[in-house]
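Each chain gets a letter, A, B, C and D, in the order it is written, and its residues are counted from 1.
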């Protein structure tokens, strides 16, 4: 079996696992008691799945050292199961599948991709932040609602500062969301700009089509000229 | 009667209703006593108008299920009269009419549309925020002036954080305004970028026109050549 | 005398007056004692100059009602001498002259214009803010240094919120500076985007130049063909 | 020896010196005791190197007065060794070398350049800020971790305001980082916009390639026509 084939086989299972992982992680963070315990067992199972995928991919890769270096982020996702909020990085899988769907992306798909990624980023960022700050005694983010509010305030780069992370882990997550905010702003603006530029250049394209038409008529004229010559030659022989 | 015809018939009445709704809502939020009561009755009347429009549109639609799914936001606007600040969503009507006016939009119209939408968004956002926070005992937004100031600070993504919403409803409105701010930034930048790109590419267009001219002269030359040949043929016969 | 001629005559004097006005206003806000009093007299003199310009322009305008409606902002600048910080609006003159200098603006000039306008906006905004908040007992902006810091924090849309205006006038000035910040962000991004788009399209332009070259060679070939025909005709006669 | 030659000779040594300077400065700010003292001596040595480079460059310059005016920022870097955090300006050398590497920059290189510059800006800004605020008794930025967190919050223009500089030097550094943030936002957006514009215009380019192909076929046809004529002439003689 080749790496390519393994990838296409595990594409959908990995995505489903990522979604289930997100659901189980949400339950574990937001609930307490038996539901949280069950979710914990479930998370361990999804972790096993990611581990198997990593090991098999590494074994199937033709150049093992090269694959290892290009997939350090996957190793980080698999090897850091003790830092709970960072496990969220496993959702990289989800985003990369989303990216493949929007693959040869033009503007229409970019819009859907931006909305889906932003919503995912806000939800996952709030979840991880709540998980990271829950234990801190002087945390200002005290509930999941607060964490969601904080995530929106951060990703739009508004940054009121009424709620801010206090732990190192919380601040790391915040930096990730801020970078997401910069990217969000950039993509929204770029999509609008490209749409406007195209609208404006549509008129120029029209004038180019005229040129192509003219070229065609010119070609026809030369063909007629040649036919003329051939006719004359036939006539003179 | 078709849905198209109903739409064109109710276009202006709906817009006038939306403006009257905004005026009545402003009175109800900002004033007390009999004026507020009268505005309340008036709001109920505009609600009736929106309800009638929704029901008639649904009945005239050829594919009722499809129309229902594509117009869930209209249903939300009609069916949520108890959540007072969210009624502001009815102004979607105003914005969509504005959008139609700026329909086949080039830059000039985009500018007017951006200024008008931003002003409307700031005013309506401040109104809804004041309405939502008025009753909360620990609200930091205590007057309509405060709400307006907060709306400007939020839509420009400055976000001082001196005034922030404390209720769930207030925070939902704030998220709407933040998204509006991202869109505002995007549209301003995109309009400027498209203008600059066009200015710069104007010079390239000039060189293309030269090419078109050259093509024309080439064509003339071929025509002369053909005329030459025809003349010679006439001479030799 | 026509309005056009009056405008071109008063262009430079108005600009010099605006710069002197800015200097005098700075002295009045930042100093106390006799220097401030002298600056006060000077400001009254510049106000007289603006008033004269307004009256003469109105009298020279061919359609007085139309000119009046299109120049309401000039009237506001002249008629509001009692609201001290708003007098700063007179500097609109400075910015509009700057705009004319950068008139048929390409990117190089846009960059200089952006830097100059931003610096002017920060300085003037800080000056007006300090003037507006000086008298307020619960102001957090207590010195001109604070006001400058606040202006930078606001125009970059960072918005820490450590210092915020408390008076209505101060908040109005802040809204102006926020809008300036949005514009600044937009212009910076647009200039960069247009530069990148041009860089990328430079390669395409190169291929078009090849096309033009090819066209030229094609034309030469046709000319040679025609010369051939002419030579043959001369030979056969 | 010419100035050009001196520049190309000192290019790499200057870059290495700048990196060593950054390391030594980090040690001096973040550590105490003998390590800090050693770093202090080292910093003096790098300062000597920058001074030598400045003097030699000035002596080699053909137009000394002109070179002096165009390199005032280099003089500032060399002449301000007492304002410790501002010495960081010497890293201008690093950024300008980075810029040369990304010289004839297209998008791929722009991305690397942006990431590297942003990371450098955040690290150096945090270092200088910590150095500037360390001595202030009412500073809210109390550790290097705090300074890093502040730098991220500032460069993304989020601006929570939980930590803000209090000294004049700290505020100057903050303004620099804010301007860096505006530039970062602009470059990210512009790169995305240029990528999207290119993707969209790729289709138009395809139609232009068809035109070039058509031109080629037209040219072939004319050549055949000429060959025909030549053949006929040979036949008739």
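Keep this in mind: contacts are C-beta pairs under 8 Å (C-beta built on N, C-alpha and C of every residue); 3 or more make two chains touch, one makes a residue touch a chain.
What you see is a predicted model; the values in this text were computed from it and never measured.
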Same or different residue numbers at the chain A/chain D copy interface, by half rule: different
C-alpha-based rotation, chain C on chain D, 0 to 180 degrees, nearest 5: 90
Reference interface B-C: repeating pair among B-D, A-C or A-B with over half of contacts shared: A-B
Centroid distance [mean C-alpha coordinates] between chain D and chain A, Å: 28
Inter-centroid spacing, chain D versus chain B (mean Cα positions, whole Å): 40
Residue numbers of chain A (touch at least two other chains): 157-161, 185, 189-191, 193, 197, 201, 208, 211, 215, 218, 222, 225, 229
In the complex, chain C residues that touch chain D: 145, 149, 152-153, 156-162, 184-185, 188-193, 195-197, 199-201, 204, 207-208, 210-211, 214-215, 217-218, 221-222, 224-225, 228-229, 232
Residues of chain B that touch chain D when the two form their complex: 157-161, 189-190, 193, 197
Chain A-facing residues of chain B, complex: 105-107, 110, 154, 157-161, 164, 168, 171, 174-175, 178-179, 181-183, 185-187, 189-191, 193-194, 197-198, 201, 205, 208, 211-212, 215-216, 218-219, 222-223, 225-226, 229-230, 233
